[in-house]
Amino acid sequence: MKRLLVVLGAACFVVLLIGAMLDLAPAGIALHAAVSANLPSSGVEHPVTAVLLNFRGYDTLLEIAVLLLALIVILAVGIDSTTDVRPAASPVLQALARLAAPLMIVVAVYLLWAGAFRPGGAFQAGAVLAAAAVLLHLAELLPGWQSPGARLRLGLAGGFLIFLAVGAGLLFQGALLEYPPEQAGWMILLIESGLTVSLGLILAGLFLLLSRDDGDRS
Amino acid sequence: MMVWLILLPLLWASFAFLLGRGRGVWLAMAGLLAQLWLAYTLAEEVVASGVAMHAVGGWGAPLGIDLVADGLSAAMLLLTQCIALPLAVYARAYFKRDDPAGTYFWPLVGFLLAGLNALFLSADLFNIYVTLELLGLAAVGLVAAGGGAQQITAALRYLFATLVGSGAYLLGVALIYGAYGTVSITTLTPLITAEAPDLVWIAGGLMMAGLMLKTALFPFHFWLPPAHGGAPAPVSALLSAVVVKASFYLILRLWIGPFSSLTVAASLVVWLPALLGTLAIFWGSYQAIRAERLKMLIAYSTVAQLGYLFLIFPLLASAGALQAGIMQAFAHGLAKAAMFMAAGALIKATGQDMVAGLAGVAERMPVTLFAFGLAGITLMGLPPSAGFLAKWQLIELALSQQHWIIAFVVLVGGLLAAVYVFRVLRQAFLLAPASSVMTPVPRMLEWTAFVMAAASILLGLRGVELMQLVGVT
Amino acid sequence: MSLEFVFDLLLALAIIWSAWRSLSASRLDLAIVMFIVFGLLMALAWARLSASDIGLAEAAIGAGLTGALLLDAYGALKRRET
Amino acid sequence: MSAGLLFASVGVILFALGAAGVLLIGHLLRRILAFNVMGSGAFLVLVGLAQRNGIADPVPQAMVLTGIVVAVAATALALALVRRLYALTGKIELPQDDEG
């Protein structure tokens, strides 16, 4: 009964909403034009990066807070620490991981640098770093995390704190995250570099914390 | 200045995390004290010189994100900081050194408060989505932290409810952006008033439904009692007193702001929230009267008290309705925080959570019980409490607009509240069985609860200032 | 009907199909694999919407990291059972 | 029909599919999958509908990037809770009775 109701409701919703979307007149405001017009004073050349770190940088600041928060919640909830055994990694995978990991770090740096002009940036770079960590973990070259020590915590929160510090520093001479146009370039690069490292660590941490019951096995 | 209300909690939360497990109490206290001062100064400034605004990044809407503090936001900010500081004092005494639920308490509370303050200040629909997620995940984390199977189950139920709620909200925002090309509330309001295609109605419905789910309005209340009833007392207090009010605030803000032309066009729509609110009052009170566990009783009372907030929607044509709603939010916030704090002390002392096990506490813990009773007076709406002021104004407005049914619901709701409050008090005044042992609890737990309860009464005497603040638009 | 539109239409159907399979597959491991396929098809859709930034992020985070998290959780549940 | 509108419609279907899944599926890992499908649907609507005239708009694109990161944070958190629940109770479903 519930099943039927939900399915019927979902179907009606789809029909109604798609119908309404087809009827829609063009939007009155074209923000992409405003983005292009202000791109020269944003400090970067790639419009998406400009929106992410300048025009709507405040969204991104809060989003990093959400990510850091999720990691803290996982630490606070605690995963069971019973050890269990997973099949040993093959030597082929280990050799592959040793080869791929440095390469992935190079790719991350490239993506970070490229983000100023073309698709790429801190998120993609951080994700690649995290992927390298996960690969190393699967190849058993990097243990799962138990409880992060002081240095690791600094790495996890560092990118967010740099972002927060730059934003707050700018508050004293204007608005939150109001970069002076001539200095916006290096400030955004500074923030993005910090974010790349921290995002890489946090995203890797989400994985390494969840599978930490494998860490203390050997 | 208002920006610091967001940055400060983010800062002390991060530093508390850097310090490590169980640390950061004093950092949090200092931050909370500063936040209280900031919120108070902001409220004074809003009363003196009107709505305050901050264009983040210096761009201004619609390209950038605006932060706006009007009377409504300033009042909610003040309420949040007023509850957070005493709660922090309480929590410090509540969590023992090695309590697993307290290990990351301070960073989580910091992020929660940052989410709340950011939500109250934001004038951008998408930015509000991010603040909702920050708030929701922090709240779920606080419920789950260090908990057993019961808490984890409650946290998962809460998590899915809050995620579906923000998902619906996000789809609404996507449709709004598609229709108008902006998500700035200030820019949108005249655009929606000028022309609202069908799509915008669907968007409005999705956003409202999502937010009602997050506010636990009947029949979306299923997740609230286990989460608020199962969490540690300081967490329950924070969630019941302010977190559910955040999504209510958003409903109100959208209702009287961008969607005001829609709600005027469909006059029957205004009765839907009021109807659900009425059902919430009856169902929540009924469950509270039946509840066997003390904290479940208080949690169901929250379901009921949230119902009052939704009774104001048919009355919003008069300016006083908004003030009555915010007064109720304040009264319930302070009283419910006090009740959960008192309950935490009682549970620690008696070592159990049943209402039936409270016999004898009147004699041994008079301060705590007095706090519980004072908070109960506010919930019932007896003079001179803030709850009385809110309910009295609600009844007056309802009668002046000939909606006698609303006045009737308010009166009956007050009587039902009296039943469940007296159920607890009566039990507490019974003689303790000879076998009962009570562990002494830190004095701080009893007195912070008392201060909050007293505040919920005394606010009734200072209601004029609050109403004046809310009136600034 | 242009060739591009035919491609988009096929992609759209493939996305819906993979989403449906990832929710309805009776075996959990198959469901997760279908979800990863869904993520990769989504990345393709983002590229078609000239949003390669999202495409990159979706492939790396949406399909990659989420997929790894899900598979790891599946493995943990599986190992505990035996 | 432009590519934007086509994918926006796909987004609506995915959202409805995911939402129905979250409501109907008891198994928590599958419910997390359904939540992710629902989120992806909302993201497609956001970008697709905004680009229905065929012009790329970086603003919703940036919003979706933000949304994807938030979604992965929520997913990881949900998985942590599910794994904790499984370790404590051996169950991957929530009990039916919730009015206790």
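A few notes on this one:
Every chain is named by a letter (A, B, C and D) in the order it is written, and numbering of its residues begins at 1.
One rule holds for everything that comes next: a residue touches a chain if its C-beta (ideal position, glycine included) is under 8 Å from a C-beta of that chain, and two chains touch if they have at least 3 such contacts.
Predicted model, so just to flag it, every value in this text is computed and none were measured.
With A-D and A-B as the two chain pairs, more C-beta contacts join A-B. With each centre defined as the average position of its C-alpha atoms, the distance from chain A to chain D rounds to 17 Å.
The centroid of the Cα atoms in chain A and the matching centroid in chain B are 31 Å apart. Annotation: 38 Å between the Cα-based centres of chain B and chain C.
Distance between chain centres (mean CA atoms), chain C to chain D: 12 Å.
In chain C, the positions touching at least two other chains are 51, 53, 57, 61, 65, 69, 73, 76, 80.
Multi-chain contact residues of chain A (touching two or more other chains): 17, 21, 24, 27, 30-31, 35, 48, 55-56, 59, 63, 66, 69-70, 73, 77-78, 123, 203, 206-207, 210. The set of chain D residues touching two or more other chains comprises 8-9, 13, 17-19, 43, 49-50, 52, 56, 59, 61, 63, 65-66, 69-70, 72-74, 76-77, 79, 81-84, 87-88. Counting only pairs that meet the touch rule, the chains in contact are A-B, A-C, A-D, B-D, C-D. Here chain D touches chain A in the complex through residues 5, 8-9, 12-13, 16-17, 19-20, 23-24, 49-50, 52-53, 55-59, 61-63, 65-66, 69-70, 72-74, 76-77, 79-81, 83-84, 87-88, going by the rule given at the top. Within the complex formed with chain B, the residues of chain A that make contact are 16-17, 19-21, 23-25, 27-31, 34-35, 38, 54-59, 62-63, 65-66, 68-70, 72-73, 75-78, 147, 150, 153-154, 156-157, 160-161, 164, 167-168, 171, 174-179. Residues of chain B touching chain D in their complex: 126, 129-130, 133, 137, 140-141, 144, 148-149, 152-153, 155-157, 159-160, 163-164, 167-168, 170-171, 173-175, 177-178, 181, 222-223, 225-226, 287, 296.
Against chain D, in their complex, chain A makes its touches with residues 2-3, 6-7, 9-11, 13-14, 17-18, 21-22, 24, 26-27, 30-32, 35, 47-48, 50-52, 55-56, 59-60, 63, 66-67, 69-71, 73-74, 77-80, 82, 123, 203, 206-207, 209-210. Across the complex, chain C meets chain D through its residues 4-5, 8-9, 12, 15-16, 19-20, 22-23, 28, 31-32, 35, 38, 42, 45-46, 48-51, 53-54, 57-58, 61-62, 65-66, 69-70, 73-74, 76-77, 80.
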